[in-house]
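Following this line, the structures themselves.
Okay, so subunit A shows up in both of these, paired with subunit B first and subunit C after.
Right after this comes the complex of A and B.
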C-alpha cells in the first residue's frame, strides 16, 4: 500500500469517527453501540481489517444488531430515530473493518453522511457542528485523494501542486456546505429535531429534591456548568447581577431535614399566578438547560406569575402544564430534558405578600422547631438579639452575628446527630445551608416566622442575557415581615455566595457557552422576521435619524488586519511549498510561455499544433539565426517539464535574459539589413 | 564476413552512449539499402524497442536485403522463410522426429528458431501457418504436440507483404497486424542512387559491405535502457488521449488498441534515445506515431492497399495536429 492511500484511509476512518461522534454527543445512543463502534474505529486505525476475509458472514452480525435494536424500539425503551442512528453507526463500523476497496470507501462515506444527518436529528448542539465540519473536511480530502490516486499511474508521483487548488476549492465547498447544513437544519421545524434536548457534556447535576438534608450530599459549588439562561426586561445591564433566583422554600425542620407541610395546591395550570402583580414587574424569559436536571421552575425573587412553558424532549418541544406545590414551588408536569418559560417577578425588597393567604398548617409551620433542638440555639439567639423583636432588624442582627462568628467551608462534616448544634457550637464552620438553617431556626426560637429558601444566587452577563451555573446553587432565609411579606435575609458571608469553581474551567466553559448562546440566538431562535430585517438593512442602509449611529460593519482596521493575515498566510504557504522542494512542472510551462512571448517579439510565432521542440527543429532546419540560442532553452524546458529535473532557483530568469539579448541582437541585425536593402543604391553612370 | 564485436551490457550505460551504438547499426543498414537513412533509423528503433517489423512494399526494393543486413550488423542468427500457399506450420516451427535407434521422438527445430526471422510474403501463407507465427511473435515460444519450446532471445520477426498484389493471398487478420510494432515502406530509391547501384552492383553484393557492429548482448542492453526511459504522466496521458481520438474519429472503424498504446510508448522511449535523452517528450511520440499506428487503425472507407495506408497515415497526422500536446 502506498503512503498516499494509507493517509486516505486514515482520513476516511477519522471522518467516519467524527460523523459517529456527532451523534454520540447527543448522549442518546445506547452504550453498547458506542463500545462496538469505538472498538471498530481503533482496530481500523491500527490497520486491522478484521472482517476483510469474511465480509458476507460478518454482515450477519449486523442482522443480530438490527434485531436487538428492533426489540428495544418495540419495547419502547429506544426511540426509532436513535435506533436508526445507532444502526447506521454500526454499519459504518462493519465497513471500517472490511477490506478497503472502492466500494467500501463509498459505503463508509455514505454512512458517514447518514450519521451526520442522524446527529443533526439527535442533537444539533454546537459540538455537533464542530464534528460536522471535521467530517466534511476529512471526508472530502479523503475522497479527493482517492480520485487523484486512481488517476495517477502506479509508481508515478502525485502532482501535489496541480491537485492542491481543486482540493482546496473542494474543501472550501465542503466546509461551506457543512456550515449551511448546520445553520439550516435547526431551522427546519422537523418534529424529531430537538435542539435543546441533549444534556451536553456529562450528566445533569442539580435539581431540587423534596427535602434538604443538612450536611448530607456532596457539594456542587465548584461546578461551572450552565444550568439556566435568562433575559430580563427591564434589563439591569450589569455584568454581575447578584440576584436571588428562588426555586422552592421549606418550612418544616426535623433536626436533620427540611420538608414542607403542605401538599399540592394547583394541578395542571397553563399559567400560575403566585402573588398579585403590579405595574413594575420584572419580566424574564428563562431557559432551563439539560444540565439543570430538575422540574422545578426558577425565577427571580419574588415570583408573581409563571407560564408559557415548553418542555423539550428527544422528540421535540411541546407546551406543558404547570403544577403549584406548597413552599411556592412551581413544577413542570411533564418530564423533559430542558425547558423554557416566562416569569414575572416583583421587584426586590419586600414582596407585599400576605401571609394570611397561607393555609393555617403552613402558617403554624413557620414557627415549628425540632423536638430535640439544642437549648443553646435559643439562648444564643436571645443573647445576640438582646431584646430586639422587630423581625427584619432581628434577622439582620442574627445574620451579622453568624457571619462574624462562624466561618464558611465546603468541607463536609459528615453525618451528625444534630448538625445544627455541630455547626453553631462545635465546628463553627459550614456552607450556605448551615447558615440559612441556623438563621431560620434562631429566628423561630424568638417567635419570628421564617423559612428556608433554595435556588441560585448570582447571574453572569453573557451577550444579552444572564447565565447561572450549577455552582451558583444557594440557600437563604425568608423572614416574614408584617405588611411586607417574606423578605430575604442571607446569613452566608457575602464572599461565599457565588459559585467558586476553577477560574480557567469557568472561563473555558464560559467561552463555549457564549458561542453556543450566540449560535442559538442567531440561528436556532432567529425568526424569519429577523432575517428579513437583516436582508433589508443590507440592501438599504438605514438613513435619516439613524445617521449618527455607528456602522454595524467591521471598522476599516479590521479589513486591513484581515488583508494582512491573508497575505501572511499566502506567503507562508509559498514558503512552505518552496521548502518542501517538490518538483513544479507547471513552472516549466510558465517558463515556456515566457520564452514564446520573447520569440514573438522577434516575429517568431509557434504554430497551433507545434511544440517548442518542433519549433526549434523547424528553425534549425531553416537555418534561423536564433536557433542556436533557443537550443539550450528547449533542452532545459524539456528536462524540467518531462525529465523530472525542475528549473533551479533563478535559472529561468538567466535563460530568458540570454534569449532576450539574442533576440534584441537579431532584431537589430534585421533592422540594419532592411535599412541597407532600402537605401538608394549608387548607380554607375 | 567480420565477426561482430562482443559488447557487454555494461558498455551501454547511458542514453549518451546508446545513441552512437544505434547510429552504428543504422549506418550499416544504410550501406545495404542506400538512400534510406530515415527508414534505417526507424528499423533500428523498432529493433531496440523489442518490436516486430512489417515491411510492405513492391518486390525488388531491398526488403530482404534490409532484413539480412540487420541480422548481420547485430550479429543475430538469421533465417529466411518464403511464405507460400502450401507452407504448413511444421515447416516453420519444426517437427518431432522418430529416432529408430533410441525409439524416441526428438524435436527438430524449424527455421523459426533464429534470432531474426524474415517471413517473406507473409500474406501468402494459409491462416494456420500465420497463427503459428502469431504465438511465436507474442510470447517468444512455440507449442508443438503439447510441449512448449522457447525461442532464442532476442527474437525478432521481419515480415514482408506486397501491398498491391492481393490475389490468392490471405490478408493478415487485425490481431496479427497489431503484433507488428512498426510498418514500413521502403519505396523506390532515388534516381541517383539507382544509377549508382547500376554502376556498382556488378562488383560486389551489397550485403558484403555490411559489418557486424553490434551484438545480441548490446542489443539486450539497449532494450533494457530503452525500457527504463522516463515517461512523464502528462506524456502517458497524451498517448492515451491520442488513442481515444482514433477511437472516437468518425472515419475510423476501429481505433488504436491498448497494445498499440504500449507499442507507441515503447517506440517513443527508443526515439528519445536518438536524442540522447533519458526521458520521453511529446515530440518523440509524434515522431513514431504514424509508423506505429497507421497499420493498426481500421478505416471505414472501402479503399485498400497503398491508398488505405496513405489515408490512415493522413488521418493520424491530422489527429496529431488536433490533440494538443502537454506543455
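Right after this comes the complex of A and C.
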C-alpha cells in the first residue's frame, strides 16, 4: 500500500470519527454504541480490519444491534431519531473494520454524511460545527485522493501534494458557498421551530432537587460549565454582576435536609406573578442551557413576574406553562433540554412580601427547629447577638461572626450525624450551605424568622449579556424583616461566593462560550427575521447608527456594495472580453461570402482553398465575361481585408449591386446564346 | 465546396451537440439522495444546521462541476497508437495528452464511439508536459476500426459525477486476425526453383553428408573431416546437404463471408506465423490481392495487414492505418 493510499484511509477513518463525534456531542447516544464505535475506529486507525474476511457474516451483528435499538425504541427508552443515528454510527463502524475497497470507501463516506445529518438533528453545539467542517475537509480530501488513485496506473505514486492545492481552494469555496446559501436561502420551513438543544458533553450539572442535604459529598463549585445566559434591561454594564439569582427556598430543616412545608400554589399558568411590581423592574431574558438540567426557573432576586417560557427539546421548541410552588419557586411543566423565558425582578433591597400573606403552615415553618438541635447553637447565637432583636441587624451580626470565626472549604468528606454542629463547633469549616444553614437556624433560635434560599451568585459579562456557571451555584439566607419582607443576608465569606474553578479553565471556557454564543445567535437561532434584517441592512442604515459619531469615511456597507459591484463589473468585462475574443467573420469576409453567392448564381463556384484573387486570375485567364466586373471587387476586398482600408458605409452594397447587374447581364446573354444554339437550323441535304 | 445548407446543418449539429456529458456515479446517486433528504428535513424542521449542511452539500456539487470543468478543458490529445492489435486479446495503446496551462487530475482516456474496450488513466497532468497514457485495449473483431475521437473522462474531485469530453481526432486502427494455433496442414510447398529457395545444387548446408573433397584454400576449417583427413593424409572437407527453405503460397478461397471468413483468416494467420517462424517463405493469395512469398517479420506483417483488410473497403490512403 502506497503512502497516498494510507493517507487516504486514515483521512477516511478520521472523517468518519468526526461525523460520529458530531452526533456524540449531543450526549444522547447510548454509551454502548459510543464504546463500540470508538473501539472500531481505533482498530481501523491501527490498521486492524477485523471484519475483512467475514464482511457478510459480521453484517449479521448489525441485525442484532438493530434489534436491540428497536426494542429500546418500542420500550420508550430511546428516541427514534437517536436510535437511527446510533445505527448509522454502527454501520460506519462495521465498514471501518471491513476490507478497504472502493465500495467500502463510498459506504464509509456516505454513512459519515448520514451521521453528520443526524448530528444536526441532535445537537446545536458549536462543537458540531467544528466537526462538520473537519468531516467536510477530510472526507473531501480522502475522496479526491481515491479518485486520483483510481486513475493512476498501478505502481505509480499518488500526487498527494498536487491534489491538495486545488482541492483546498475548492473546499474553501464550498464552505463559503454553504455560508452564502445559509444566509440567503429563504427559510420557507413548514415547521417554524426554534433552536435544537442537547445537554452537550457530560450530564447536566445543576438540577434543583426537592431537598438540600447538608454536608453531602458532591460539589459543583469548581465546575465551569455555563448553565444560564441572560440579558438584562436596564443593562448594568458591569463586567462582574455580583447579583443573587434565586431558584427556590426551603423552610424546614430536620437536622440533615432542608425541605418545603407548602405545596403547589398554582397548577398551570403561562405567566406567574409572584409579587406586585413597580415601574423600576429589571427585565431579564433568560436562557437555561442544557447543562442546567433542572426545571426550576431562575431569576434575579427578587422575582416579580415570570413567563413566556419555551421548552426546547430534541424535536423542536414549544411553549410551556409554569407551576408555582411554595417558597416562591416556579417550575416548567414541560420537560425540555433547555428553556428560555422572561422574568421581571424587583431592585435589590427587599421583596415587599407581606408576612400576613404567607399561609400559617409556612409562617410556622420559618421558626421551626430540628428536634435534636445542638443547644450550643442557640447559646452561641445569643452570645453573639448579645441582646440584639432587630432582625436585619441580628442577621448581619451573626453573618459577620460566621465569616470571622469559620472558614470556607469544599472538602466535605464523610457523612456527619449533626452536620450543623460539626460545622460550627468541630470542623469550623464548610461551604455556602453550611454558612446559610447556620445563619438561618441561629436566627430562628432567637425567634427571628428566616429561610434558606438557593440559586446562583455572580454573573460574568459575555457579549452584551451575563452568564452563570455551574460553579456559581450558591445558598444564602432570607431574613423576614417587618414591612420589608424577605431580605437577603449572605453568611458565606464574599470571596467564596462565586465559582471556585481554576481561572485559566474559566478563561478558556469563557472564550469558548463567547464563540458558542455567537454560533448560537448567528447559526442555530438564525431565522427568517434575521434574513429580513440582513436584507434591510443592505439598503438601510442599521438602527441606532445615527447616534454614533459620523465618520468622514463611507459606511462599511458602501464598501461592501462597491466590492460586489466591482466584482460584477469585472466578471462582465471578462465575459465580454471572452465573447469579443472569439473569432468572428470580418466585414470583408462577409462581403466576400456575398460575392461568392452572387457568382454562384452565374454558375461560378470558388474551388476549395481558392482565394478570391485566384478566382479572378482564373477567370481572367479563361477570358470569362465577368472577370472585368470582378476586378474592382477583388481589389477592394484585398484592401479591406489586408490593406487596412475597411469598407465604407454602403460601399459593399454598391459593389454588390454592380456585380449583380453584371451577373444578370451575363446570365441573360448566356440564355440567349443557349437559345440560339438550341434553335433548329437548316441542314443541307 | 459544401453547399450553404450543408454548412448550416453542420453548424447546427455542432451547436446542438453537448460539449460535455455528465454521468452521475453510484456514490453520486446516493449523495444526491442524501442531499434531497437533508433538504426535505431542513424544510420540514427548520433546523438551521440542516440548512447549513444542505448548503455545504449543494456547494460541493457546484465546486465539483467547476473543478471537473477546469480539469478537462484546454486539453490536447495526440494518438500514439499501437505496434500491433490482434482481435480478442489486449494490446497496448497509447495517447499523448497535454495542456498548455493549468493542471488536470484523474483523467481517463478511451476511444470514443469505437468497438475498442479498455481505458487508460493519468492521475496528475501538469501544464506544458506531454504525458503518455497507456491502455490495454481489446478489439472484438478483425478489420479496420475508424477512430473519430478520444474520450476524456474525469470524476475529479469527489467521484460524484463523471464528466466526459470528446476531442475529435480522426484515425484508423487496423486489427489483425485473432491469434491462435494452426491445426491444419499447410499443404504442399511450391516446387521448382523459386527465388533463392529450392536450389538442390547447394551443398553447404548442415543436413546429410553428400560427399568429401579436398579442402580448398580459404575454406572454413570447421568443415574438415578430421578422421578421413588423417587416414588420407590430406585435409578433406565434408559436404552436407543444405536444408533448403521451402515456399508456401497460402490462399483464402473467394466467396467466404462472415464467420467462415474470420475463421479462415485466423487459420491462415496462424499458419503463416508458424511457417515464417520455421524460416520458410510464405506468400498469400486472396481474391483481392496476391502477396509474393517472403520471409521474416516484415512479411508476416504484410500478410496480417492483407488479412485484416480482407472483406473491407480500403481507403485511398491506406498508409494512414496505424
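Just so we're on the same page, the second predicted complex is superposed on the first by the 489 of 685 C-alpha atoms of A that agree within 3 Å, B and C clash if a C-alpha of one lies under 4 Å from a C-alpha of the other, contacts with A are read in each partner's own complex, and residues count from 1 in each chain.
We take it that contacts are C-beta pairs under 8 Å (C-beta built on N, C-alpha and C of every residue); 3 or more make two chains touch, one makes a residue touch a chain.
Remember, it's a predicted structure, so these values are computed and weren't measured experimentally.
Contacts of A:152 after superposition on the shared chain: both subunit B and subunit C are touched. The partner of subunit A that touches more of its residues, comparing subunit B with subunit C, is C. Using the contact criterion defined above for the overlaid structures, shared-chain residue A:589 touches subunit B, although it does not reach subunit C. Contacts of A:393 after superposition: neither subunit B nor subunit C is touched. After overlaying the two complexes on the shared chain, residue contacts for A:639 are found with subunit B alone; subunit C is out of touch.
Of the two partner chains, subunit B is the only one touched by A:613; subunit C is not.
In the superposition on chain A, A:174 contacts subunit C only, with no contact to subunit B.
Shared-chain residue A:271: touches no atom of subunit B or subunit C.
Put simply, subunit A uses residues 152-153, 156, 159, 608 to touch subunit B in one complex and subunit C in the other.
Those residues of subunit C whose C-beta lies close enough to touch subunit A in the complex are 1, 4, 26-27, 30-31, 34, 37-38, 41-60, 62-64, 66-67, 70, 103, 105-108, 120-124, 126, 134, 154-159.
On the subunit A side of its complex with subunit B, the touching residues are 152-153, 156, 159, 585, 589, 592, 608-609, 611, 613-614, 617, 638-639, 641-644. On the subunit B side of its complex with subunit A, the touching residues are 230, 232-236, 277-283, 286, 320-322, 324-327.
Across the interface of their complex, subunit C is touched by residues 106, 109-110, 113-114, 116-117, 119-121, 123-124, 128-129, 132, 136, 140, 143-144, 146-153, 156, 158-159, 162-163, 166-167, 170-171, 173-182, 185, 187-193, 195-196, 316, 523-526, 597, 605-608 of subunit A.
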